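Here come two complexes built around chain A, the first alongside chain B, the second alongside chain C.
Right after this comes the complex of A and B.
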């Protein structure tokens, strides 16, 4: 029989190629509203991916990624609205600011871990909307900040509608970012993270500079979350403090768990889960009680995933497919 | 030809992935199917309200509106066309409101949309760019700026005006009293404070709390310590009645003025029991649970419609009748409009004169004006333990 593992590693990554082709075809198939929703899915997926890097790979707790997402969102929108900058500069600005914020957030992580760190991040998440509302002259306060013209507008030579262009930009940035994160975790950096996650003592004895690594991974995770927030905000052209509450941070955590905390494809599942579930409930259960049903469905999915697929939906499906493939092979040799 | 192991596993994965992705977009509309504009078919009216989340008590406006539109359809519709009311949930979250509005404007071809509260302020630029009128069930002052946002109208009166009327009443009734404001930490409170102070009332203490926090002992004690003897109470939900009860329990009896949208029988007055006696409010709408309106034909019709169209659980809610009245105003404007375009509707809304409405107090009527609103008068009322009694205002 042919050798399984080494051969499959060198084979073409069919699934990813198929996914890329599909994702590129989408803007030419579906309506502007659906493209907006999908842009939201991708940007939330990127935020979940950043959380996966921190939690799944580095083993750190964060219930504050909603605030980082929000920080990136406000930075992006204000750079365009108040600073008059083009969207690439706004995205870069959001990334850089949140890199710095993440490094700051990583400082308490050097002293505290587990529950203590979780509580610190919860505090950050809870404070964020209040702080934003307080600086009303800059942020627009409770009413939020709306951009007049859509910043992600298609340049004339492309012949695309604004929603299509925005979707492609979001897709491209998220794709590159997730690819970057994936490669990072497969290389030397990833191995250091693994060591750190297993035991910091063991990591130190193996020559890993744990303090620098912790700050770096926090900064990176925050930067990517901020980039995701900026993308989301530029697509929606609107930010309000109520969107980035503690509940949203916890939603991102739930999305990370549902998709699989170490799975990049799982981040996309998580993003879709967060964006589509309320809408799905609203469409199928009718106006009045759909809100409550959405919350029930949310809790039910979370419980089912934790019980039957604790490593996440994607890992569960992959394991299932592997068993399916192995069974077919066994039947052939029998 | 055998498919080798090398290709099979990734192929299986690719198939699984593509199936998942296709399933994910199965709910999406194809570009060439997305409809736009008002056809000859149903009149599509969109509604995005907080049907879930911390402010879900406000979602019943949607139920009231739905009941009214359903009855209009049962009686033949508007100009022979039925109304298709798309009720969506936004949980008071602006992202979801934006997505809902995009869907209603771009995909469902809505003639006009309805929304609730503060988030609707932020959605005005988008709707203006799409030329879709919005009727906001909101009292925030920015909605009066029709010149900057010609496609947005507000159903509720300006709360700064409510604050002005409340403030001048309190000032003349209780001169020299120390005034305080206990409200929510959202966009509502600044407008209320501005209104009260414009009447010459000085607020000695303003305290803001998060929605749904029911235990407000520390805040009440702070008000008492500051010597506040006239209080404008606007915390909403269960907290509204809890504060009244608490104050009675600790023997603190300031004169209380309730925010008009939070002076319901069912959620505030009944739960507060005897502690609610003597509270004031400014009112422009009827409360279906008030015994005064038990025989009012329009309120009876409202109750019948709520029962008929599956909303009997909300038949005695103030906000439900409010939404019902908003729908009635919309239909009145549509009926009087020269044509069913955005501009036609807006022109008609602004030209309404003396139109009756099921939600309004008996001697009030709808009158359009330069601020885009239809109601400009309030009555100050006092609760005598059983019903509201009108107070004479200067």
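Right after this comes the complex of A and C.
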């Protein structure tokens, strides 16, 4: 016999189970193109989740995660293309390199906060495509770097097509990584982050090593962002510098806010938002300047979400459902 | 030596544009606490507005103040309509709102005026001025004077007028300002209007050299962000000095540091602010916030 509170805590998270079943069924239902789009959604969602760890949980701002995503993407693709590594090594390499880059990016965070940090990260985001383009001999310059063969090709025994296998790899890695981030924020580490976010003075006086914690959380967030970038690039088999502009970094930031900076489900919503909304807009608005209309509509939707759901779509929907439920029980008892 | 001085002057001429934008960023930041990423696009919009008026046959000296006034009105409207609802929602939401406005305005400008670059004829003619071998185009000098005069007017407004006092009160301590009967909301809108006007002057001054295109302010905005950080976000004078330093540093580095072509010129100012932020986080002229535990 268990108390009802324990039972409800242990009850299965039905929306998540439904989502997992759906995500696993997808490769056998959809076209290769749709699978590629979904791989983009998952990898961007992972990048957004890494940003959530930093902003929603640690209270630090980064407008430079697009550059870290790009660094991971280039590392992954170059390790496979130039280094001849298998893809798991490439993913690991991207993760490790970006961990280091994140720790470096965290160094100024020890001295400056909020605005100054935002500026430094904006600078990193703005400079990344320029630097990549400059190191042409390695990165392929402005045209980018394309892999000859898809690195995420299905081993024979699976009986899967390459696109299906690539999708499942992206899904599995993203799932495990998001789960890892979620668990990380619930233990001792999560409580110290909570303290740091609320007040660094309070955190220090309660024995939290804020400097080390800040560097750690920056490194972790950057490493996961880099992993996401590598997954994205290996699934697409292509990297170009103009994918990882400042606008992309800002889009990630927007996606994080749209989904809700403290919601892991929100990260997925955010990933879908930035992948599908521009496409949806341009599909429904024909004509030569459809791309621009799509961008205007994107901005408008973003502003509307910020007004009506400043804590994110997921929180907004949850609160709405809770209110609905409360009204129902009231009507029943009345 | 002549060339060195020449580079410094060219850097100063470019720097006034960054200084103007940085001032606009600073005024908005002090009031609303928002890093207005759309400030550059607002300036671009003003430059296109002035260009359209000139194309329609208006004299530049009528079109220019008209564009500045329109931009001020637009700035206030943006604050009232777009920013007010999210003002208390935290830095990430404000940053995202700025990003949304940046993307939206950028696309709107491209829709109205398309993406082909346009030339904005210099209102100062094509002659040059200078002493000896040191020459600057009359456009460079004229634009610099235009921006500097505007910044002077803004500074005087803040320093010597009752409205300026209220603006400073709201920036320093909005709560006590409200208790003392200052209409804080109105002052915030006014701050955005002033920022819009300064940005408009900077944009219109930059247009004949940079060329008119929806992306014309992307680079200058980044440099203005750098300038504002360098000088200190809480210091209006600092923003201006920061802008000039960034302009000169960029100009000198692109000439004397090998391997830094036009595209990597952006690295220099950011290397400078990186160093400044690590040594003096509040900027050269900013005030450090003290915390009482």
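A few comments on the model shown:
Here, the second predicted complex is superposed on the first by the 326 of 334 C-alpha atoms of A that agree within 3 Å, B and C clash if a C-alpha of one lies under 4 Å from a C-alpha of the other, contacts with A are read in each partner's own complex, and residues count from 1 in each chain.
Throughout what follows, a residue touches a chain if its C-beta (ideal position, glycine included) is under 8 Å from a C-beta of that chain, and two chains touch if they have at least 3 such contacts.
Everything numeric here is computed off the predicted structure, so don't read it as measured data.
The partner of chain A that touches more of its residues, comparing chain B with chain C, is B.
When the two structures are aligned on the shared chain, A:133 is found in touch with chain B and with chain C. Judged by the touch definition given at the top, the superposed model places A:310 against chain C, while chain B stays out of reach.
Residue contacts after overlaying the shared chain place A:24 against neither chain B nor chain C. Of the two partner chains placed by superposition, A:176 touches none, neither chain B nor chain C.
Of the two partner chains placed around the shared chain by superposition, chain B and chain C are both touched by A:295.
In the superposition on chain A, A:120 contacts chain C only, with no contact to chain B. Legend: residue contacts after superposition of the two complexes on their common chain; A:280 is shown touching chain B, with no touch to chain C. Within the superposed three-chain model, A:13 lies in touch with chain B and out of touch with chain C [touch as defined at top].
Using the contact criterion defined above for the overlaid structures, shared-chain residue A:319 touches neither chain B nor chain C, since it reaches no partner.
Residues 130, 133, 289, 292, 294-295 of chain A are contacted both by chain B in one complex and by chain C in the other.
Residues 4-14, 16-18, 21, 24-25, 27-31, 33-34, 47, 50-53, 56, 59, 62-63, 66, 87-89, 91-96, 98-99, 102-103, 106-107, 118-119, 121-123, 125-126, 142, 185-187, 310-311 of chain B are the ones that touch chain A when the two sit in their complex.
The residues of chain A lying in touch with chain C in their complex are 55, 61, 63, 107-108, 111-112, 114-116, 118-120, 122-123, 126-127, 130-131, 133-134, 201, 205, 246-247, 250-251, 253-254, 256-258, 261, 289, 292-296, 298-300, 302-303, 306-307, 310. Chain contact summary for the complex, chain A toward chain B: residues 1-2, 4, 7-8, 11-15, 17-19, 22, 26, 28-34, 36-38, 40, 130, 133, 141-144, 146, 148, 232, 236-240, 242-243, 265, 272, 276, 278-280, 282-283, 286-292, 294-295, 317-318, 321-322, 324-325, 329. Within the complex, the chain C residues that touch chain A are 29, 35, 37, 82, 85-86, 89-93, 95-97, 99-108, 110-111, 114, 222, 225-226, 229, 233, 263-264, 266-267, 270, 273-274, 277-278, 281, 291, 293.
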